[in-house]
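Chains here go by letter, A, B, C and D, matching the order in which they are written, and residues are numbered from 1 within each.
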Amino acid sequence: MSNTFGSLFRVTTFGESHAKGLGVVLDGCPAGLEIGVRTIQDQLDRRKPGQSKITTPRKESDQVEILSGIFQGRTLGTPIGMVIYNQDQRPGAYEDLKDLYRPGHADYTYDQRYGFRDFRGGGRASNRETAGRVAAGAIAAKMIEELAGMKTLAWVEQVHRICAEIDHETVKFDEVESNIVRCPDEKVASEMIKAIEKAKKDGNSLGGKIRFRVAPVVAGLGAPVFDKLTAEIAKALMSIPATRSVGFGLAGKAIELTGLEHNDAFVLKEGGKAGTLTNNAGGVLGGISNGEPIYGEVTFKPTATLSSLQKTLTTDLTPVEFKARGRHDPCVLPRAVPIVEAMINLVLADHCLRYSVASMARLKKVFS
Amino acid sequence: MSNTFGSLFRVTTFGESHAKGLGVVLDGCPAGLEIGVRTIQDQLDRRKPGQSKITTPRKESDQVEILSGIFQGRTLGTPIGMVIYNQDQRPGAYEDLKDLYRPGHADYTYDQRYGFRDFRGGGRASNRETAGRVAAGAIAAKMIEELAGMKTLAWVEQVHRICAEIDHETVKFDEVESNIVRCPDEKVASEMIKAIEKAKKDGNSLGGKIRFRVAPVVAGLGAPVFDKLTAEIAKALMSIPATRSVGFGLAGKAIELTGLEHNDAFVLKEGGKAGTLTNNAGGVLGGISNGEPIYGEVTFKPTATLSSLQKTLTTDLTPVEFKARGRHDPCVLPRAVPIVEAMINLVLADHCLRYSVASMARLKKVFS
Amino acid sequence: MSNTFGSLFRVTTFGESHAKGLGVVLDGCPAGLEIGVRTIQDQLDRRKPGQSKITTPRKESDQVEILSGIFQGRTLGTPIGMVIYNQDQRPGAYEDLKDLYRPGHADYTYDQRYGFRDFRGGGRASNRETAGRVAAGAIAAKMIEELAGMKTLAWVEQVHRICAEIDHETVKFDEVESNIVRCPDEKVASEMIKAIEKAKKDGNSLGGKIRFRVAPVVAGLGAPVFDKLTAEIAKALMSIPATRSVGFGLAGKAIELTGLEHNDAFVLKEGGKAGTLTNNAGGVLGGISNGEPIYGEVTFKPTATLSSLQKTLTTDLTPVEFKARGRHDPCVLPRAVPIVEAMINLVLADHCLRYSVASMARLKKVFS
Amino acid sequence: MSNTFGSLFRVTTFGESHAKGLGVVLDGCPAGLEIGVRTIQDQLDRRKPGQSKITTPRKESDQVEILSGIFQGRTLGTPIGMVIYNQDQRPGAYEDLKDLYRPGHADYTYDQRYGFRDFRGGGRASNRETAGRVAAGAIAAKMIEELAGMKTLAWVEQVHRICAEIDHETVKFDEVESNIVRCPDEKVASEMIKAIEKAKKDGNSLGGKIRFRVAPVVAGLGAPVFDKLTAEIAKALMSIPATRSVGFGLAGKAIELTGLEHNDAFVLKEGGKAGTLTNNAGGVLGGISNGEPIYGEVTFKPTATLSSLQKTLTTDLTPVEFKARGRHDPCVLPRAVPIVEAMINLVLADHCLRYSVASMARLKKVFS
């Protein structure tokens, strides 16, 4: 069950890094949504390897093939099966990893859990698995925009100790996509790129922070008590490889304020709607969206794969030194941006469906 | 479904703050676990209101009544139903909240979602709901200790800007319980207590940070790709009211290290077992425990209820000023410590069960 | 997880026959449904023991206590917790069953599964558990009637070899309730009552068949491929103790027709709606309701508890003879009628919620 | 969610009859199970069209392609993705069905539910979907045999009014496979074949009954109260297209016995094990297997597709007459036999996993 995410808008991903193929089945997407393969491929292209000098040079075009669930350009309400065939397989290329537990990787833990693993390129633990999430996330994005006008945007805020200070209220998609590191501050972005290139050259790697925003947002999304919107997005983001922390609104900095400083006063807004004067809460109260923009952050550790000598153990527990050969990302953040967006969109799509069944008033609209 | 947590070791809580009663049904606890009501009540007592001068003075003894599922001191394998009757109900005491959207609370969002809410004391959004989690968590704690020797400990690390620096490797339960704020550094604890008392006097409130540790830990727990141990604990903790962020290992500070600094080298440990030289990862790699201690942190915003005048709206969207009357926690952290432990223990119990079905080798032990 | 039924309208029952209490948590009932305790108690009264000379004389008033989830006569959208305290407990009364595997009962199988069981009155395997289902089913019935005008009716069609031939299109609730065996044919009913009384006197027991009908029915309910309406109702009914088979439409008799005889032609019906000329299919095509009445049947084996000597084994596998003392139903069918209705209503309520999220057209009504 | 079956051993199927491809993702299969593609293909071959003169002549070789989850001949514990590409697509061949509601088919109900459907060959409602089930079922069969020696066998017992009387205790796989109708009584089989051929010639169709047996069986499988083994198998079988009823043990005939006749006495069996003298219960008591063979039956209606004129409506509700062109099964039963086995094996595999976590005694074996 652990390869399925979502309760009503439900994705199941499959595939190891070097298996014949990988993909996703999306079950629960309502019938009648117009969606083209281009919309999906566009998002995959943002995630695909080899897209710039600061990502892995592995050659994968990540072309998605839609097997089912979409007919004449519209969803059928049946499961949408999508497959990406692996191309850059290089048989034998990973033989040296067969008997090794790489530091910071899941080799050892997969062996502890399953007693057996696909050692080629990280197997199931590879970031490659997230391609399926991005494909399904593209459909989620289309649905929540069509139903409720909601849009999610993520960007790189920090790489190692290089921080941008992006205004989450005003940042735009084009700004994010204007450079290869996906940091909307051009000046900081070029510093980040230099730092990543240096880390690559040094056989080292860097982590960082991605921030995100959803706006506009329908009020009423999120399902207490366990499926609070924050709880569900937290899980969604922490399921992305290499994540270390997640926060909402002011995140950890909320501690520094007192209650009088942190509470967002309710006020009348234009159109006579209720809103809040400030938005320290990040758009969620008691686990339910209040209609203000949702924003937050997620941090990533530096990539575990390094082109430098590291001490480790073989599978028979003999100490060795090990140095990875190329073809990895010195910093995962630029390619993680569409993954973060996809995971948030999957949660929002699920909660749009769950919202519709939360009150008799809404249900009566359906049955009338 | 949103009131159920866990896949195999599954809890469903029910009850509003001022309903007749609240409680929990625990389904999936294996048969034959010895458990007494005292073990459960002890944890509830750590969470109950009125336990010290820095918590709400609301009078609730929170006596648990076990209705089913335990027979002759042992679990039957059937659902364990537990109820706590609400005592301090004061009819009419909350009439003034009926038509009000309190800032920082879920009044407005519940109305947006459900079109209707129980306005008495926060209704379902009240922290009171977590009593059911703590009751079930006590059973989870007993099970994981008996099966795998695992123990979870949480403590208050920070209140507002007052920080302790607790060594997560050595901190002990008795140290945590040695003072009313549950910070194991006596000196810092007394500062925290003073700060909370001052906040209370000022009609203000404070947030803070709780840290936690699980040790020892079985290697192999956690279910990629979506149900990574970190992802599941993140959701568990972010489902606790007032949480703002969650992190594992070095959490946000992992960004400041390079890959060469952050990676934990695998080394031989005593008894010829594999382990890691450092534990920056916090005991989880690729979403699966590696046998090293799991540690991390969760932050809480300052309590939303304040005994000071605040601007807000009535339910018919008229601006008003509002001031809460007593009976609330000026800082939720001391009482949140057992809730954090309970949520982590529920995740670990679930994953102990899931671990047993992950490999044929383990299953063959069962069927042999 | 096995004590939870339903995906969106989700019930979790708890409680053994002689535990302190038993009950149910209903999660997912939408907010704003008007429901009174009387509506729930009325259904429990139809199921309760001691209601007539042909049911068990065990004294249980089965008074339901609503703990949470309903406020001011309306559902809150939060979990509805309901408890029934066991009254007729007679400590020691079941000591003789402690070391015995009764034929036809679940004593042996519970021991095989759990290694331990509550031997008092069948423990969790007791029909008493179904009280929780009936309580939740009453709320389901209210919801589906209010949303879609749907009503479910069940009745006793056969006891042992005594068959009625009830027209499922015209039978009425009052006819079913007009006698203690709940067979709407008065003449056959009195034969059934005599047969049951005789069986009781003989220390024997009888089984039989219950039939059911849902009308009117919304077209479009049911979720292929696995959660077909027929599949879900089949599971629902086969989860009732003592059931042996379930069928829809003509059930097993469909075999005797050819395709040309069995197919229901689509025709225009009054109001210009599509319908079928005949209704051999029982209102479901491809697992989805077509708007015609749903009907079918479920059979029950004769009660396993007998006041006659039977051969069996003790728990240490010594052959013995055993004879049950009184207080059991010689035929479960009269009390099973409201249980059958409850289970069907739970499925229908779940599928009303699922229906609302199956198409963009319906969702757009919600978000408009 | 409705395209996923099972709780721990979980299959998700996707694909319409004439989509690019169809398939299945199996999540939760434990790591380390040896499985070859041949084992899977063998079962698919038993289900595939065109296998004999009494099945549809549609040309589909149903070659399975394993995309992921199996490495070096063993399961990885990761999701097993399997795809079958559709070959016999004949674009335009189904244009005449586009605007038609065929009698007995799901055209009308899919439109009512989804507002849109893939009209080519029945779309998602096609029996073709079951290919994914059979592929996953082959892995389930391998697992339950390896873990617990369990084997499932199904056969055709009745076609229209032609009945065999097969002894479920002694019937063998080779006998079932010895003829194209899969009825192990040669003489009755040839009558059935003649009847099916005649129905085909007459533009008519026939239904029938399949019976099944599982032996040997581990005692303790099945999860009360809702996930009783009988309830789960009932749902599994009723989710197969065209099913009308399902029964266990004596099924509907249990009614004709009294309790004294129906109860199976517990007796000592060889090896000093407990067993029952008779097996009227069909191996399940209180929803849990008792170790005796499980047996039962499932009935199928006559195929809805007919090469004869039938009255029906167009999608704009105009009455028309309609006659299907070839390429359908005049009787679904011969090809349904492996589907019935697959569905039962999926349930048993799921419950083998669930059994392992039901008691502390078994769990301690895992953690020791």
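Everything that follows uses one rule, which is that a contact is a pair of C-beta atoms (placed from the backbone, for glycine too) under 8 Å apart; a residue touches a chain by one contact, two chains touch by 3 or more.
Bear in mind that the values here come from a model prediction, so they are computed numbers and not experimental data.
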Duplicate of the A-C contact set - from C-D, B-D or A-D, the pair where over half of the pairs recur: B-D
Chain separated most widely from chain B, comparing mean CA positions: D
Copy pair chain C, chain D: interface residue numbering same or different (half cut): same
Euclidean distance of C-alpha centroids - chain B vs chain D, Å: 44
Length of the line joining the C-alpha centres of chain A and chain B, rounded to whole Å: 26
For chain B paired with chain C, centre-to-centre distance based on mean C-alpha positions, whole Å: 38
Per-residue multi-chain contacts in chain B, two or more chains: 1-4, 7-8, 13, 28, 31-32, 77-78, 113-116, 124, 224, 355, 358-359, 361
Residues on chain D engaged by chain B in the complex (per definition of touch): 8, 28, 30-33, 75, 77-78, 143, 146-148, 218, 224, 352-353, 355-367
Touching residues (chain side chain B, partner chain C) in the complex: 1-4, 7-8, 10, 12-16, 19-23, 25, 27-28, 31-32, 65-69, 71, 74, 76-81, 83, 113-118, 123-124
Residues on chain A engaged by chain B in the complex (per definition of touch): 1-5, 7, 13, 101, 103-106, 108-110, 112-116, 124-125, 129, 158, 160-161, 199, 203-209, 219-228, 230-232, 234-239, 241, 243-252, 254-268, 272, 274, 276-277, 281, 284-291, 299-306, 308, 310-313, 317, 319, 354-355, 358-359, 361
